[in-house]
Amino acid sequence: MAINKIVANLEEAVADIHDGAMIHVGGFGTIASAPSQLLEAVSRLDVKDLTLVSNSGGFGIEIWGEHDIAVLHQTNKVKKHIVSAPVNPLIINDLEKKFRAGELEMEMVPQGTMAERIRAARAGLGGILTPVGLGTVIEEGKQVIEVDGKKFLLETPLKADFALIRAYKADRWGNLIYRGTSRTFNATMAGAARITIAEVEEIVELGDLGPEEIITPGIYVNRVVKRTGAGKASDDYDEVARRAAEKKAKEA
Amino acid sequence: MLEKFADKFRLDDQTMALRVANEFSDGDVVNLGIGTPTLASNLIPTDKEVLFHSENGVLGYGQICTAGEGSHDLVNAGGQPVEYKPGMCLLEHSESFAVVRGGWLDYTVLGGMQVAENGDFANWMVPKKKVGTIGGAMDLAMCSKNVIVLMNHMTNKGVFKIVKEVSYPFTGHQCVDMVITDIAVIAVTDEGMVLKEVAPTWTPEEVQECTEPKLIIPPDVKDVQLA
Amino acid sequence: MLEKFADKFRLDDQTMALRVANEFSDGDVVNLGIGTPTLASNLIPTDKEVLFHSENGVLGYGQICTAGEGSHDLVNAGGQPVEYKPGMCLLEHSESFAVVRGGWLDYTVLGGMQVAENGDFANWMVPKKKVGTIGGAMDLAMCSKNVIVLMNHMTNKGVFKIVKEVSYPFTGHQCVDMVITDIAVIAVTDEGMVLKEVAPTWTPEEVQECTEPKLIIPPDVKDVQLA
Amino acid sequence: MAINKIVANLEEAVADIHDGAMIHVGGFGTIASAPSQLLEAVSRLDVKDLTLVSNSGGFGIEIWGEHDIAVLHQTNKVKKHIVSAPVNPLIINDLEKKFRAGELEMEMVPQGTMAERIRAARAGLGGILTPVGLGTVIEEGKQVIEVDGKKFLLETPLKADFALIRAYKADRWGNLIYRGTSRTFNATMAGAARITIAEVEEIVELGDLGPEEIITPGIYVNRVVKRTGAGKASDDYDEVARRAAEKKAKEA
């Protein structure tokens, strides 16, 4: 049987996500870099107590007809969120509401430390030493290790059960390329989970992605699913900011 | 701002961004925090080659696009579409922070809540709020060659933001090198805070009134240098 | 080999490589050590999709090129030019070893000096030599899902290479899963070493004579399986 | 002044390499991936007591009119060599001769650990934890750190004074692309030194290397020098092996 990681639809792609699973969610914070259709598919599952790992806590408003990570808070799937940028000044998001209501555990992680902890999981490292976070709340409960008279925090790998990521093109081996700044945490999280699932704009023939061009080797990817619908609209960021401000004003 | 100075001239966001842009030289690698600092990428003379890094994985991007232009697949950390520029390259996230943590940034410009006399820095959480966004601020503040904080000199309610000791949760210790505010430019040195420039119409003594720690005021304090 | 067996049939390098190639299934990711193991990349049926990884940074390459063909910019870890294959990709060195250390290799095939009953492994230095090449062997041996050692059953001088305890400098502890030699195939299990296959004309008892630890000899020992 | 990292010639590129400098040498072991012209330029300098970091100890025979890392042993420049594959079965190289004669210090490093220690230097990490080397000679003198009941070796960054690397194309910002398996330790070492010097086949206009295509960001590279001469010949590997065997036979 030839290798074929392409699955028929979003439902099949996320079918085995289970109660209590730890899930890496790729992207940075913008809808264009988010695995939004996979997130929506997970929001329709009957699962609970998920632990999410993501850069951002999301806006929680529909953008271009799609949802960001907040959709999982809105549908009460989340027990804990490991996150670098949980809240934002534009909007009081669902994460913030749940956290203030005592309904959510949160672990805040400096962004570079988060990236490196995720890479460590893919790369089989037992941990990494970083100066970032020393003398801050981030230090709490962590080993401080001295190397050549300098102090560092020991940060441990973040290995998830599933990684949901967004890419531009894939082949049937799961090789991936990204577009522009949508590479971000998507490429970092590929392979940092037991099962990596990629949502892509296009599926191409094996060989169409050149060896020098492939960013994520297919061995890190378990499933590939093509995005449905017309794809991303061309709304600009100001529109997103404007509507977030509107919603905030309405709620205030 | 103190009530007595409420009607006094203050630099607006764009002018503060212009002031910080004036720090950068050819070949400098610079990360601009979300908000006011971001504006600086549009305020570099076109013949100056400053490489702007954004933590979402782009190095050497051009101007922020005008509304409705650009692509959402090429954005700065604030999510604003930016222009492609020859020489630009893309980085996945762990490499993007290798750039930060590895000390490759000549300048980081961040918004701030409190800066202490010794360069201690807080910018991510008001204590009573219990939730805040660290983002890349700790990595940026602790690992960049020069950290510039761009902020209003005092809160709207007239509370010091330039303080003797930081009382908010720390972003980093002894990491700030310069503070650019709406009324002054202050260098953080081993000897203490040195007032370098003041906004038009402001005297060093008035700036001192708005600043908790004692400022070192040299004889040659200049007006804010915009070019 | 023991002198009494000097004239007995033994598998040559190519046949040993063929035997190991027979272990791999569609989708397996496999690293082949320099020397005899490398030959296996040429012995996979063309309709089987096995991804060969080479630690110098290539994943999914094709056959070893015939002499004078190929490019020195696309080589395996032994420096031999290999063919491009659709789906192939390139990795810088830390990513290449993220593949290794991260446990992404289904099989690693290495040459060996000593394999102990419990899977302990030595392959990089003869003690008296004081210098040897570790290369990627420790990473490969400690981190791959299955480690297969491909080696002659005994030294030329008739000394055991399959031993009760490793006496050479360790490559890794309890890491070997299977040994394929010129006379036998042996699985390393929690219960001990199990003789699975013997070369044509060899009896299990003869293989035992060439092996220091006591072999578990099941009733169904087969001839070496080449397809 | 616009950024311009291109220097006129090999001599200028290596002029400030000094006694006792620690030098990363890129490539894997083949001449095609080695910064061979930079190595030759260093061999002509009046310097001593260098510490080299490289994957391979080299063959020490002229190949396609060029020399590998062994040229620095042959010209007595080296005090210490930090290396993964110091010797090889094809030939007794200069490193081995010097080491046996007690004229060279050597630190042997597993290849994956070497790659990660070099990356750690570029990435500002204080160290990394790896299971590789536990219970072997590699463990000697190193901290063993326990994380969640599992043991790891603490391996520290390898930051050099200079990195000599080989790439395919460069622009004046120092952005680099490689060709095939010549990426290897060249891309890993870029930025893991105070000064990174790249020897390249071609220099192209800024913008000719696309953003998705650049492997090494120019900020990691301090100097770029174009290779001289006709470039690499088309001899095949068997020829290299044959000549190594000949030399070995002659010396025996």
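Observations
As written, the chain order gives the labels A, B, C and D, with residue 1 at the start of each chain.
Note that in this section a contact is a pair of C-beta atoms (placed from the backbone, for glycine too) under 8 Å apart; a residue touches a chain by one contact, two chains touch by 3 or more.
Remember, predicted model here, so these are calculated numbers, not experimental data.
Between the Cα centres of chain B and chain D there is a gap of 38 Å.
Measuring from the averaged C-alpha position of chain A to that of chain D gives a distance of 36 Å. Each chain gets one centre point, the mean of its Cα atoms, and the points for chain B and chain C are 57 Å apart. Residue positions 116, 119, 123-125, 130-131, 179-180, 211-212 of chain D are each in touch with at least two other chains.
Of all residues in chain C, those that touch two or more other chains are 58, 90-91, 94, 97, 100-101, 143.
Shown here, the protein chains touch in an arrangement that is not a line, ring, star or fully connected set. A list of each chain pair in contact follows: A-B, A-C, A-D, B-D, C-D. Chain contact summary for the complex, chain D toward chain B: residues 1-3, 119, 121-125, 171, 173, 175, 191, 205-207, 209, 211-212, 214, 217-220. Here chain D touches chain A in the complex through residues 116, 120, 123-131, 143, 145, 147-148, 150, 152, 154, 156, 177, 179-180, 211-213, going by the rule given at the top.
For chain C in complex with chain D, the residues that touch the partner chain are 54-58, 65, 67-75, 77-81, 90-94, 96-97, 100-101, 130-139, 142-143, 169-173. Those residues of chain C lying in contact with chain A across their complex are 26-27, 29, 47, 49, 51, 58-60, 84, 86-91, 94, 97-104, 143.
On the side of chain D, the complex with chain C involves touching residues 28-33, 55, 84-88, 96, 99-100, 106, 108-113, 115-116, 118-119, 130-138, 178-188, 215, 232, 236-238, 240.
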